Each structure stands twice: as structure tokens, then as C-alpha cells.
Amino acid sequence: MYNLKIYAGGHFITSPSIHEIKNPFNNEIIGKTYLARYEQLDDAIEKALKVATELKKLPSYVKYKILKEIAVELQQNREDMARLICLESAKPMRYSLGEVDRAIQTFTIAAEESKRLPREYIDLDWTEAGKDKEGLIKYFPIGLVAGISPFNFPLNLAVHKIAPAIAAGCPIILKPSSSTPLSTLNLAQIIDKTELPKGAVSIIPMDRETGNHLVTDERIKLLSFTGSDVVGWKMKKEAGVKKVILELGGNAGVIVAATSNIDEAVKRCVVGGYAYSGQVCIHAQRIYVQEKVFKEFLDKFIAKVKNLKVGDPLDPETDISAMIDEDNAIRVEQWVNESVEGGAKILAGGARKGSYYPPTVLSQTHNEMKVCALEVFGPVVTLEPYQSLEDALNHINTSKYGLQAGIFTNDINEIDQAFASLDVGGLILNDVPTFRVDHMPYGGVKNSGLGREGVKYSILDMLEAKILVKNKK
Amino acid sequence: MYNLKIYAGGHFITSPSIHEIKNPFNNEIIGKTYLARYEQLDDAIEKALKVATELKKLPSYVKYKILKEIAVELQQNREDMARLICLESAKPMRYSLGEVDRAIQTFTIAAEESKRLPREYIDLDWTEAGKDKEGLIKYFPIGLVAGISPFNFPLNLAVHKIAPAIAAGCPIILKPSSSTPLSTLNLAQIIDKTELPKGAVSIIPMDRETGNHLVTDERIKLLSFTGSDVVGWKMKKEAGVKKVILELGGNAGVIVAATSNIDEAVKRCVVGGYAYSGQVCIHAQRIYVQEKVFKEFLDKFIAKVKNLKVGDPLDPETDISAMIDEDNAIRVEQWVNESVEGGAKILAGGARKGSYYPPTVLSQTHNEMKVCALEVFGPVVTLEPYQSLEDALNHINTSKYGLQAGIFTNDINEIDQAFASLDVGGLILNDVPTFRVDHMPYGGVKNSGLGREGVKYSILDMLEAKILVKNKK
Amino acid sequence: MYNLKIYAGGHFITSPSIHEIKNPFNNEIIGKTYLARYEQLDDAIEKALKVATELKKLPSYVKYKILKEIAVELQQNREDMARLICLESAKPMRYSLGEVDRAIQTFTIAAEESKRLPREYIDLDWTEAGKDKEGLIKYFPIGLVAGISPFNFPLNLAVHKIAPAIAAGCPIILKPSSSTPLSTLNLAQIIDKTELPKGAVSIIPMDRETGNHLVTDERIKLLSFTGSDVVGWKMKKEAGVKKVILELGGNAGVIVAATSNIDEAVKRCVVGGYAYSGQVCIHAQRIYVQEKVFKEFLDKFIAKVKNLKVGDPLDPETDISAMIDEDNAIRVEQWVNESVEGGAKILAGGARKGSYYPPTVLSQTHNEMKVCALEVFGPVVTLEPYQSLEDALNHINTSKYGLQAGIFTNDINEIDQAFASLDVGGLILNDVPTFRVDHMPYGGVKNSGLGREGVKYSILDMLEAKILVKNKK
Amino acid sequence: MYNLKIYAGGHFITSPSIHEIKNPFNNEIIGKTYLARYEQLDDAIEKALKVATELKKLPSYVKYKILKEIAVELQQNREDMARLICLESAKPMRYSLGEVDRAIQTFTIAAEESKRLPREYIDLDWTEAGKDKEGLIKYFPIGLVAGISPFNFPLNLAVHKIAPAIAAGCPIILKPSSSTPLSTLNLAQIIDKTELPKGAVSIIPMDRETGNHLVTDERIKLLSFTGSDVVGWKMKKEAGVKKVILELGGNAGVIVAATSNIDEAVKRCVVGGYAYSGQVCIHAQRIYVQEKVFKEFLDKFIAKVKNLKVGDPLDPETDISAMIDEDNAIRVEQWVNESVEGGAKILAGGARKGSYYPPTVLSQTHNEMKVCALEVFGPVVTLEPYQSLEDALNHINTSKYGLQAGIFTNDINEIDQAFASLDVGGLILNDVPTFRVDHMPYGGVKNSGLGREGVKYSILDMLEAKILVKNKK
């Protein structure tokens, strides 16, 4: 039984509001924490503001040392941390281990980037008005950052806000998902052991009402939110003068061209479609296969999908397990049923058991069906044939989302055409849209978000340019 | 008598709502234009959206050619354009000519930068997950841009939105200030003669209600506003999902240290304090002089201020003329009077005549007085002694604004300290905060704005990153 | 009859050694200039050294203005300058006009880059030893540059040394080819009219013995040579302590894969193979065609080659004309004959008339034959089939040269493989190796050279880094 | 007794030529190694060439892992490695520990930079000729690197060649100094335990004749030499076609202005002047003090110099010990005596004991004396007053060397003037020229060298640009 306290303003504290955490796989209670009261949040904000000047002055080598120490400590607790992720989120162990590895990498990159903050030095004498003048442009911490992170990567998506904040020299208050706060609170203990000034990082579970202060409080200069698009865009409107970064969802499309390696495409699409039951922002939701190879792809894909191993997420062999909660499984069930009523065919899966929803393949869908048009965030994939590449690109662009897409092809013209015309933040060539490494720019266009994460890009968002104009008369 | 039409969707059109423009110096009507109806704006938006794909595909050399042609044409109409600025804004001719020169430079820089849009190419194999993968990051036009520009640099502050939009490949709809729309409408005729696709740039005078659609319309992806802070921050809250760039005002401070060249400092401060009657965002409003040299500075400063030549802005000798309108002159008068009631002393100036307010020097002010705390946007300067540099820095940082500041000193430690601690977007060494050249990053912190202009930086804001992940198995 | 003087140390001077220039097409004398004596060169060197400090201090806007003025002036003399190139080099008019356009572009780019010289600003506190230290890295002119340029692009290859030198702030002494000095001496008159300090650029025809001082003189800090590999590498050994940049020749290969657009490939290969009689460093000398499409390519290629229009270079219709002199035509003839003796077949061309050598196609050659192994620098192309891409790549890599190569294919894997394995400075996809634009990095590996030209890269070579370590205790 | 083998082509081997190493402090033999025969070197070259392709393809994460492992292993052997440096070079223990720390840092930086090799992606459509074309510029390993490193930083100056070579993907053969080969051979054992392909790094003690093959062998593509200027420039002339990087010596000057903090300047100058008996390329050899503070500086400086603790380098308290050998001590003695004969005064030190030469201060010297004009590479400092800054700058620039310089001042104008006019690779503000951190660009102008080290800059020199021109018709 885990019992992990709120980490606020440099202290581990409790509150009267006890918050129990269940294992979604078997609904057993695995631990508890506390939901902070507003006064506790307010106190953390005040401490964060107080420590801001000290953070701004931290030399590179100190920030580097802190960030590396956290990475090393995570490495040494890799199995335990993965097990905790697995328990609180029902993420199969192999993927939970992968997430810890990525969090280690995110801290490592942040350590390296903390030494490479952007600076520019430019000539200003492009006209006579600038004669004898030069400009030094340095980037200073923007101020207090608020981070709000989701349940599906409870550790690494929080780390994508915490590590850049430390590198940039900004204090940060992070609100983890209510379903999965334990792994970040565990991380808090690691952070607390370093020489990072107390109050620089707070990790505070809160109810939604208290959490909303992170959106509206004017002492906060940047809100970085990862979660659903409806919530995200509403936050932007309520955020007042602060800067807002939104990492929202999508309904990523994949194109499989006739010339591609079908076996490889099938293999990758199964991973992209069903890893962590599709509860991934860049889940491969819609697959478009060139009609000449559609039948081949479909047969091989179905065969592999049916072969996925269902079970306890703690079992290292498990491919797929329960969804985060029964409500979500019911929602997915309804969407699938609705699509069937509209004419879609279920080629695999389709029968819910409690919070478990099986890996499901649909075909003969329409773009307006929820399973196509919205973010399904579940183990459901639509599979459709296409004639011309242009058709496939149009299907993908029809979406109100634009996070990532994938294309399997070897033809440079198809690649160029897809890259030029797809309205997405990232196009993955010969792999699924689910691909992400932690230093690449990551984020969406259209309803999928605002701004880019990826350590260097997040750091940039947490900095503010200041120019010193030197006059060398 | 100028008669300049609305430039909307590639056509020069009129509307029933005739809008007359007066010369603020003598209240004579110098010309007219028209205020667009919503349907005309809507039509321009639709045309802009239609032309967006064509713009996105324009080769560098075409964008370069268009932007250079505009620069060349402006050069050939330099005197006429300056005269028009002078007439509609009462900006003295010497400063009007300077503004045209800067607009030429802004287009020139945009031409050059249009060939140098950012691209990155990065290794993704930092972990085994990224083996054989590389990323190409290109930046694509963000979509339709709305620009709203103020009266005080009627040409160049509009050009700082138009030229980057052309370079970035974005269509733009610009709303000029209602007081001074003629110079941009004149520019529209130059733009229209180039091979820029019609509808890419619209310049549309509108009343405030119609103009507010630029803030709320969801087809617009970026709103770039230059103007007052109250209006700007309100727009941000109403802007919905679109990106917002705000270039707002300030109450810039200047520090004159004991070791500096006093004669030079005086000379520059007179320009920074009274150019265009202080109707400049980076007007040198608050001057802090080290107490040892305060008396010397003050005497020399007052002498020079009293020597400024008042008159018709068309006269090439004129240093200072009418303000933009009588309302503003009255407001300045009230603020000065209020400060005097609070204990401030008038050392020069102080007596309004219609829309003319004389160059005024105040001393013995307090930070809370409007002439200190708010943006005076008039020919008023406060002059105060300071003991330690830290005191002077604190005075400047007290402000809710943070656009630019100036410091006159030769001591590297003072420079470092000021640069590290002043909360501003730019610090000008041995010159007034009023210094700006058009390729430097320019913009404020705190209430002074969000984002940076300066051609390259504006272009960056009009672009959206897209990564192509290449898989080289 | 042109009569153009030496431009040395800011003066137009003559010498007793008159040097007459013939039109290679008809051997008529078209003009004269003078070969400088050593004392004249020495004087130019001394003047260049004297002006170096002034050049180093030129503001960006002055360098920009000078370089743009030269570009504008060249534009206004475009036809005359092309005619002069055409007359002294027998380069067909269409290509001569193209060369002038490129020289205009080279000056334009240099103007723009002169404002963007590299500067870096870095944190030095990566360890405690660097605490409170930051580094400003500026790049200063390296000193006196010597340029030696060849006959085949008499204007633009000289400009690729002169324009970067002006942008970098280095004085330069340029020795043009003895066969074709007139166009650069004509350029000298344009340069002399600008406000560039006198002595900054000298253009000095010399005999080989005098010219060798440019290699050995220790007052010169950088030698930039474009010419033959034998001469170039010898110079490097004799250059003492100075930096050396070598742009030498090659025997560029082209690969035409089975999936490529054959008609397009043929069309481009005819241009790459025969433009200016193959007297181009990146002449497409060796064409390898996938065996499935070899016959088709060959037939279409021969047909087009036979259709090339031979004639007076001044005729705008002329595709091909005389070589630079009869010696070179004889050399080409001998190489072709030697290959035929070794078993090669002539598929087109092959019969010399004076200094004219017809467009010639050989097949069934071996890699050791001179027409394959050496730089033919004449209108001769070898055409061979290949089975696997690897074979074709090996053929190209067999060469002791490595300047550029071309590949026609649409397969991303073939592109990746070729780019990874070809030992060249540039690989042109779906075009001939003959492609070059003036801002791209250009230069060879192996025997083809040392360093890269392309305006920005040349400027970089003419600069020397200096770091200012700031200590901000 | 150390017994360390040659590390050649991935094997630890011996040769008949045993080479004993003495402790310069007491002439006791501390260990032995072997001098390689030419056949052994030749074999290592062949193995290096064979492994080059494999190295070129190493993913970033593998290079990173290797380089980090070496850093970690060095950290774990920090004391032992420092002791070995101390024993073979008589470098006092505190400085030996510092050297190991720097070598750890050099490997750490190289690990990080191996993931950040330069790539550019540029638009080529600046003219119509480049329409639809884009360029990807990648940098590939240049080929086999030869490194020759000196005795004075036996570990870190070798590491400055080895670590960048691994990061760049180049095989390297390093010849350590004959006096101090043991620490690098010890490093070889650490390197050998990593997964770096065997043959990628060879560390081979050789006599001078065998070593000269590193200069002349054409299979080697880059020679990176750190050592004396006479040897270095001779090598450049004999190096044939290969690229050459030279890190040579200097006679660094320091300026102490009247406004500077004298106590701090004295403290730093004592370190810069006498650390490791001045056997440092950036030894503070010539100190110029503004005449108003000359007396104060001199008195304080002499006092501190006399206080330096002489003794066994293994003693952690020792400041100064024996020079590398008696020959060098005798040379220094002769130069000092010669200066005294010419009129110089000895203010401290001056009496040699065997290979020990005491910390010595000279004044009233002339620029032509060897102690001023040449690199003294011993514990000798000249101390002279100056009137105007310009005088001091001229003294420093008189030298034929130009590595680094220092200036103590707080006046921004003096800083700007010194930075603009000193002919050096680095100017250290408010510290001695002896300052270096391992990621800053480091190297000299004039006789002091060619090219820059500093990990990123060394890597750049080991890479060769290749452009892929993409044609997107």
C-alpha cells in the first residue's frame, strides 16, 4: 500500500481530503494520497515566487547536476517506478518500463540542454541608425509555470513539464491526473533529495475546482496542459494574460501505399493501434491501405490482432489489459455500436467486459462516425481502402485534429506530397504516428494543440527574450 | 485631397460609410477613405483563405522579388509617403521621412528573410527507439493573420505585420488606425502592382465593432495587435483558440550614471523624450540621474528642451508639433496637473494650447502618480536623482510595464547588473530606450506585451513547425 | 577592341608586357590587357595591407551598399558583360548570360550575408571552473586573400572570391585566367566606382611566375584557388603557413535508375554533358543507366546529342561551339582515340575540326581509360549499363575525384544509399551533377578539393574566430 | 612500476624498443612502455581504415554510451590517474587532479555533442534556377585522424583529439609525448573495455622518425598537432594534401588597468604565471600594469610569488616543483641571464637548481628579449608599467604569437578596444589568459596556430560537408 504525500513548497504534506488510488485491472486499492486545499496551493505558489530569483541565477553546472542526479536515481528505481505506473494505470509492464526509460531520457536531455540555452549576438548596423551598435539576446526564465498532466503517461508527460522548467530556471507547480498521481509523487521524493532549491518544484494532487486556479491565477506566467481538447481550449479562454501551451489529442491516420513492406506495416500498425489499449494521443486510429494491397494487409492485420495477449498488466507477456476505468470502456462500446448501426463492420473484437475492451477492427466506416471523427482513446482501429494518395490525404485532413500521421511508402514523390499537404505536427515515414522520441518537436495543429513540446522546445517556451543593445561609439 | 479606397480581397472598393481624415496640426481635412461593412470584411477573409495554398507554395525568389519591389517603389515615393504620414499624424517631417526609411528597410529585411525560413534537421537516434531515424523540421505558414496597427507609426508598424506575412506565406488582413489610415492605403496601391496573388493582403479601415471580428473570428489563426495595453489584454481574452501577439505600451525608464558622458546623455534624452511629442511606445518617460551629476544633467536638459522648435510638422526644421488630437492633449494636461497637486514641480513646459502640449519636464514625482505609473504617451518626462544603481533599477522595475529601458554608463558591472535585473524586453546601453532598428527582437514583458516583433521573429510567429520523421532502415 | 588595364592597389595601370586576347571560335583578336610585373603586384599587396584595418571596421550597411551597387551595375550591363564572356571564352551566349545572372546573384547573396556574419554567445559555466563566465565569439577578417580563377567561368568563379572577401572585410588580389581576363577587368571598373576603399580589391593578370608569389608570399593569409587538381595540390604544398582552399575538377557520374523519368533524365544529361563543351568542373562525364532502360535511354540520348546546334557562340541559338583552344581539343581527341583502341565504341561525335570537338558519346569503356578516370573537360560522355545500384555506386567511387554526382530515381532507399555511400561533395537528386546555385555549399572530396565555396561558406573561410571571455563576478 | 603496452589496432602490444619513464622531480624511473616500429604503426593504420565504415554508421546512442562510459570510468580512477600524471610530468597534484577533471568533462561534452552533429537544410530556390529544389547538408567523418600531443597536459590534450574523433566517427591514431605517455596508455585500457570497435583508437608511443609518418602518410586525412610552433609549421609544409590543425604556443600578455581590482588581479596572475612552472601554452608571461597602480601591483605580486610552496608534486600543498627536464630549466636560465645582461632586473627568483627553476619576476625588459619575444614555457614573468591602453595593446600585439590575452578592467570602452584590436584567439576579461574550459573555442592566430579546438570545434574539423540536392518537381 503506497501512502504518498503532497509535495508542496518543498514540504511533504497531507490534507484532510484522502484520495485512494485503484488498480484499474482489478479495482483493488493500491495506495492513497491527498487532495490539496486552496491554501496549500496558494502557499506553494508563494514559495515558488520566492525561490524564482535563486533559480534564475543557478549556474549551468548546478542545473545539470540536479537533472542528471534525478535521471540516475530513476534508473536505479526503474523496476519499482514501472511497477507503480503499471499498478495505477493498468499499463502493461513492458510499456511501463518503456515509459520510465523515456522519463530518464527526458531528464538527461534537459540536463544537456540546460547548458545550451539560446543566446544570439547580432549586428545592428544594417542601417546607419544602428551604426556601432550590436545586440546580445539572452533568454530569461518566464516565471512560475503551471503544469497539468494526464493519466496515460503519468510519469513522462509530467516530466516533460518538470525537467524543462528546471533547465529553464522556472519554478513549477504540477497537478498530476487524479487517477494516477502516485508515480509523480514518487518522483517528488527523488527530486527532493537533490540540491534543487525547495519550492522550485511542487507536485500537488487537487480536485478540479482547486486545480482551476492554475488556469486563472495571474501569478502564473505559463500554463502547460496535456489532456483532452475540450478542456484544453476552454482553459485557453480562461487563462487571462498568461501564455498557454496545449498538448491535446487526435485521431491519427496512417497510409499504407502499395509499394510498402506490408509485413512491416502490419507489425507496426498493431503496436500503434493497440499499445496501452489505444489510450495514447498518437494512437493509430485510422488506417488507409492502397486498394491493391488492402486484402493482404487486412488478413495479416486481423491475424495479428487476434493474437494479442490479454491479461494482468503486471505480467511481462501481456500486450493489452483493462482501460483506465469502466466509464471509458462503456464510451468506446457505445461509439463502436453506433458505427455498426451506421453500416460499419466489426472485423475483430467488439465485446466489452467491465473495464476491458478488446482490440477491435472496424471497416466500412464513414468520416462522420465518432470512431473516425473524434478521438477514440481506446483499442479501436478503422481500416479502409483508398485509390489515389490524394484521397487518403483528404481523409486524414478531414479531421478537426492534426497531431501526427504515418505513411508507409518508398516513393519520394508520395513522401513529398504527404509532407507538404497533411495538416499535422508530425509525419512519420514508414512507421506509425505513435512514434515519439523525447527531444523531437511534438505537438499538433488545428484542434490538437498550441505550441510544441520536446525538451528544447518546451524550454524555449519557458524563456523570455531580452536584448542588450551595445553602443560602441 | 486624398481619396483612398479600401483594399479588400484584391480589389479597391468603397462603402457608404465615408471616413474623413484631418491634419491634427490645423484640423483641416486632408482626405477621405471608407469604413468597411462586415460583409466586405467577410469577403476579404474568404478570398484570403482561398489564396492561402497558392501563397504557401510561392518559391523564395518570387516572395523576394515582390518584397524588394515594394521596397524600391517606396523608395521612389519616399517624399510623398512621408508627407502623407506627416499630414495625417502631425509627425514632424524629419521623423516622417525616417519612418518611410524604416518601412523600406522592413520590406528589405523581409525579402532577405523570406529565403531563410527556419529549417532543422536532427538525428533522432539518441536512444535505441530512434535508431535509423532522422527528423526534418520545416515551418509552414500558420494561416490567415489579422493585424491591427496604431496611429503613431501609421506606416511602419503596419509594415511590421504585412512584410513578415508575405515572407512567411500567410494571407493578412490589416486594420489601420482610424486616425491615420491613408499611408497604409497608399501602400496598398504599391502592393497591388506586384505579382503577389490578389487577396493575400487586405488593408481595411473599419469601425471598432466590425474590427472586433478580427479578434473573434475563428478562421483567423493569428492576431497581431499593436496598441494600448487595456485593449490588447482584453483582446487576448476574447481571441478564442487563435494565437495572439501583443505589442503594447510602456513608461520606459533611463538611468544616467555618474561616469557617463553627460552631454551625449542629454542630447539623446531630449530626442527620446520629445520625438513625435512622446507618442511612441518606447518614449523615454522617466529619467533617473545619479545624484552627483543630477544638477548638471538637469540644467543642460532644460536648456535643450526649451530650445526645441515648435511648429507645422511639414516644416523640416520643426522638432515638435500638435498631438494626435485634443482629447489626448487634455488627458496629458490632467495627468500633469494631478502630479503637481501631489507635489511634483514643473521645470519646463506645462501649458496646453488646443491639441498642442509643450515639451514638459517634471521632478519630485512619486512612482504612483499617473505621469510615472502609466504610459503618458505625450511630451512629458520625469527627472529624478538616485543614489545607488539598485535604487534606480527598482524604480524602473516598479512599473507594471516592461518594454525597453536605457542606461548611460561605462562600467561593465553596472551594465551586467542592469541587464540581469531589469524586467524589460530590451535594454539600450548608452542610448535612450527609444532606440529600435527593424530586425532586432522588439517587445515587452509584464503588461507591455506578449511575443516579439522584428522581422525574423514576426515571421517565426507566423509559422508552424512540422516534422518529417525519416526511417532509414 | 577592348583595352582593359590592370586594376592594382586602387589604380588602373599598364605594364610593358602587353597581353592580347583571342576569340577561341575564330582566333580573332578581341582586345588586350597587360601582365603585371612583380613590383606592381608587391605594391598592390602593400596597399591591400594598409587598407585592411579600414575594411575590418566597415559597418554592415556600407558593405551591403557596395555589394548591392555592384549587383545593380552588373544587371544594367548584363548584355555587354555576357558578350564579353562569350567573346573571350567561346561560351555560347545563352550560357554567358546565365553566368552574368549568377554573378549578380553572388554579389546579392554576399550583400545579404555581410549583415549576418557569424557570432556566438555561449555559457561557460558548464563546470565550476567557468562559474560566472560567458563567451562572446566574433569572427574577424583573416587578412589578405589571394584568389586565382580559371577560364571556364571567367566572371562568376572570380566573383565567388571577390564578393565574399568584401563581405568578410578582407582585401583580395585576384589573378584571372590568362585566356579570359577581360570580364573581370571590366568588373574592376564597376567595383572602382563604388565607395569601397581603394586597394581592397585588385584584379591583376600575371604570368605564371609572377602569379606564383600569390602562393608563396607570407603576407597573404588565405589562398583560394579554382583550377586543375595537379596545380592545386602542388600549390598547397608550397603555400607555407597560409590557409588554402582548393576548388578542383572531377569526372562526375550520373546514375539513371529504372524507375526514373527517362525523358527528363535524357534532357538533363544532354545539358550536363555538353554545356560549354563540357568545360565545366561538374560536367556530367560518366552516365550509368540501369540495364532495363539502357537501350531506351541510349537511343533517346544519341538522338538529342545529334540535334545539338553547333555554331558561333554569339548566335543565341548555338548550343555548342569551339573549345577554349586547339591544344585542349587535341588532348580530348587523343583520349577518345586511346579509349577506342582499348575497345570503346563511339556512338556519336568523335571528329575534331581545329579547336572544335563535337559532342561525343562513348560506350564499352573501362574505368582505367582516361575518358573515365581523368577529368575530360571536353564534350565527351561515357554511357554504360549497370545491374545493381551498388555496382553503379562503386563505379562512381572508383574515381580519384569526388566533386558532385547525380542520381535519377524516386526510391527513398536508393536515395539514402547513394547519399550515404557516394564520396562526393554534392549529390543531385533527379538532376545532373552539373547543378549549382551560388549559395549552396560547393566543393569536393578526395582529389577534387579542400574546403567549400558558396557565399556563406567562403566568407566563413575568410574569418577567424576570437572569443571574449566575460567574467561576471 | 608501471608497465603499459602500446595500444595499436585494438591490441595491447610490445616492441623490442623499451622506453623508460622518469619522474622529473627526482629522476626515479616510474615505469616503462615501448616505442612502436613502423610496421606496427602501419598495421594500426590499416586496421583503422578497415573500421572506418563501421564507425561512420554508429548510431548516436552508441557513441554517447561509449564516451559516457569512459568519463565514468575516469571519474572512478580519478586519484590514480592524477597520481600517474603527477609522477610522469611533475605536475603538482592539485593541478593533476584538475587535469583529470577536465578530461572527464571533455569526454562528457563529446558524448553530448555526438548527438548534435551539424546538419543544415536550406531552400535552394533563391533564383528560378533552384525552383523546387532544397538542400540537406550532412557532415560525414573526414577519415583517419592522426593526433600528436605534448607533455604538459599529457591526458587532457590527448583527450581533446580522441574524444572528438569518437564523436565524429573517425578512427584516430594518437602519438603521446615521449616524456609522458603513461597516462594516455592508461586511458587506452579504459577505452578498450567499451564497445568501441577495435582499431578505432590507437595510442602509440613512437620515436620521432616513426612518428613523422603521421605527417606524411597520405592515408591520414587530418593531422592534429599540439606542440611547439617550430615543429608545427614545419609539419604543415610536409603534410601533403591532408588537412592540418595546429595548436601551438604563445607568450600571453595580461593588462591590468588602473580601475581594476588589484588584489584579485594579483591573485589570478600568480596562478597564471606559475601554475605547472609556466609550462602551459597560455601561461601569463607578460604583465602590463597601468603606471598609477604599478607599484601597488608589483609589491603585492612579489609578496605572493615568494610565498609559493615549492616541493614534491605529490604533496597536495605543493604549488611549484621541477620542470619537465633539466634541459628546459637550463634554457630558461639562459634566457633570464641574457635578459639581465640586456638591462632587465630580477625582482624575484632567478637561481636554478637542477631541473627546478624558481618562480621568477623580471622587469625593465625589452620586447626583443627572448623572455618577451619567445615562448618561455617556464616560471618566468615580466612585469612592466604602461601609460595608455593603446601602448599596452601594442606591446602585446608586437609578438609573433597570438593565442590568448587577459585584461583586468571594468570599463566597457577599454574592453571593446582590447577585443577589437588584440590579435589573439581569446581575450579573457578580468582573469588571466590561462583560463580555458573545454567546450570553448581555443586556438591561436599568427604563429600560435591554425584552427580551433574545443570539443564542438574539433568535431567540426573532423567532418566533411555533403549536400543532397532534392528536386521536388
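Miscellaneous remarks
Each chain gets a letter, A, B, C and D, in the order it is written, and its residues are counted from 1.
In the analysis below, a contact is a pair of C-beta atoms (placed from the backbone, for glycine too) under 8 Å apart; a residue touches a chain by one contact, two chains touch by 3 or more.
No experiment lies behind these values; they were computed from the predicted model shown.
Looking at A-D and B-D side by side, the one with more C-beta contacts is B-D. Distances between chain centres, each the mean of the C-alpha atoms, put D farthest from subunit B.
Look at where the CA atoms of subunit A average out and do the same for subunit B: the two points lie 37 Å apart.
Each chain gets a centre from the mean of its Cα atoms; for subunit B and subunit D, those two points are 50 Å apart. Centre to centre, using the average C-alpha position, subunit A and subunit D are separated by 46 Å.
The multi-chain contact residues of subunit A, meaning those touching 2 or more other chains, are 122, 126-127, 130, 138, 412, 415, 429, 470.
Residues 112, 412, 416, 470, 472 of subunit D touch subunit A in their complex. The residues of subunit B lying in touch with subunit D in their complex are 59-61, 64, 115-117, 119-123, 125-128, 130-132, 136, 138, 409-413, 415, 429.
Interface of subunit A with subunit B (complex): residues 101-102, 105, 109, 122, 124, 126-127, 129-130, 133, 135, 137-138, 233, 236-237, 240-241, 243, 415, 419, 424-431, 435, 437, 439-443, 445, 447, 450, 452, 457, 464-471, 473.
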